Amino acid sequence: MPTIEYGPPLSLADARRIVNAAEFEAEKQGWAMVIAVFDSTGHLVVLNKMDHAQYGSIELAQAKARTATHFKRATKLFEDAIAQGGLSLRLLSAPDFCLFEGGLPLWRDDKLVGAIGVSGASSNEDGIIAAAGARALQG
Amino acid sequence: MPTIEYGPPLSLADARRIVNAAEFEAEKQGWAMVIAVFDSTGHLVVLNKMDHAQYGSIELAQAKARTATHFKRATKLFEDAIAQGGLSLRLLSAPDFCLFEGGLPLWRDDKLVGAIGVSGASSNEDGIIAAAGARALQG
Amino acid sequence: MPTIEYGPPLSLADARRIVNAAEFEAEKQGWAMVIAVFDSTGHLVVLNKMDHAQYGSIELAQAKARTATHFKRATKLFEDAIAQGGLSLRLLSAPDFCLFEGGLPLWRDDKLVGAIGVSGASSNEDGIIAAAGARALQG
Amino acid sequence: MPTIEYGPPLSLADARRIVNAAEFEAEKQGWAMVIAVFDSTGHLVVLNKMDHAQYGSIELAQAKARTATHFKRATKLFEDAIAQGGLSLRLLSAPDFCLFEGGLPLWRDDKLVGAIGVSGASSNEDGIIAAAGARALQG
């Protein structure tokens, strides 16, 4: 597998477009979410907490986006690994992994330019909203 | 499921009444507990450590109340999830979850106005005392 | 002096309006800022990092908004106190104070409903941008 | 100077009496305070946050009571040292000192049995309320 490269960081304008698209979908579903976008340097660019979103999601949304940036993959892959048990449980020992669905890398020209992290509903629902955000970058 | 809203924060008078009710039950049972009440802003309002309660429970009682506030549900739900193993073990990766029974949200007019966290005996017994406290808000 | 009360938390819509006004001013000045808005519960509602803002400002902007919420006053008051030296230096011992200008409480009906924190330029310039954001709530 | 000895820890009943006395005085003054009592083992026994007390005082009240317990003296002595400057400024390098007035050791039979920490107004006013609490143990 070729090395996945980090591309130029997302701009604030990009990040805002992604967050807005995710939020639009969350409102349609009636879910109170926290949505965070990191850039390819591993730093937070935009965070929005929707009204009445649970406080714990402020950290979790960032943790998901950070994990997707730091390990260059969707956090659902780690969730699936945990579900298998056995050796994969060693993932629980890593201090900066968030093992919940809802974190997705963001791609442009086959390079990782950032990540979105969503938290507030079930992790499956968080993943739906993260995907809605990610699509805004492709569109 | 409709979004659970955070309501106005519990007053000190409310919190004290809740702690007193929990403590009354703990004394009846002969259990040395730490009892903490948070308000809907996620901040500690009252903490009481009963004589000879274990020191570690000072942090645990607060962690349970904080988790119940931050994630709007009883910590027993997380304890039950862990007991099932498999995918639920991902909960162990979240830095700010306390996965022990004994944390309960407090409700008024269908809004979350705070939470009680109890630690000191078995988590099942902690839950009994937390419930005794929570009933004082309804009564 | 009467007690300053915490009012109902800012909505996401309010917070976004405040951040946008601050950002508009920052762009006019040509400063790359991080702008954070907290609500009256002491939680982050919106954070925006402008392109090329220094990474360290992501934490500092939040620390300024948190200090303004937690201590109900502009962080410039703490900065001024440090400048006087002497007794005021005790402020350096408090773990959760950010002693840089750029954090302002946000008011509505004489109650504290949130705070804005800005970081990225000199602390004096941070304060100018924070004030531009705060005015958007009054307007 | 003879060694100051740690005596038997304050009971919950003692701590509550002390907090109530402090709170009674704070209400008379119209100040919204956080009041914490530690016992002679260095652990929190009771904390009460009065309505609308600033959030930052939850940690500060505990930090003052902890410092008074850990270093067996009123935190005002440290505040006075800071005011003198010079060598005393090394106190700022100690991670667990709170250098604000408002922390007082509590004595019984010439032994330290606990401490009270108060935060919420000016440090001078915090000290007045802490003294009101401490008197309740002597009375």
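Which chain is which? They are A, B, C and D, in the order written, and residues in each are numbered from 1.
The rule is short, and it goes like this: contacts are C-beta pairs under 8 Å (C-beta built on N, C-alpha and C of every residue); 3 or more make two chains touch, one makes a residue touch a chain.
Since the model is a prediction, treat every value here as computed from it, not as a measurement.
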Chain labels contacting chain C and also chain D: B
Centroid comparison with chain A (C-alpha atoms), farthest chain: D
Gap in Å, rounded to a whole number, between the CA centres of chain C and chain A: 27
Euclidean distance of C-alpha centroids - chain B vs chain C, Å: 32
Inter-centroid spacing, chain D versus chain A (mean Cα positions, whole Å): 44
Overlap residues in chain C, where contacts from two or more other chains coincide: 6, 41-43
All chain pairs that touch each other: A-B, A-C, B-C, B-D, C-D
Of all residues in chain C, those that touch chain D in their complex: 2-6, 42, 67, 69-72, 85-87, 89-90, 92-97
Partner chain B, residues of chain D touching it in the complex: 11-12, 16, 41, 43-51, 55, 58
Chain C-facing residues of chain D, complex: 30-32, 52, 54-56, 59-60, 63, 78-79, 82-83, 85, 89, 91-92, 97-100, 123
Residues on chain B engaged by chain C in the complex (per definition of touch): 6, 8-9, 40-43
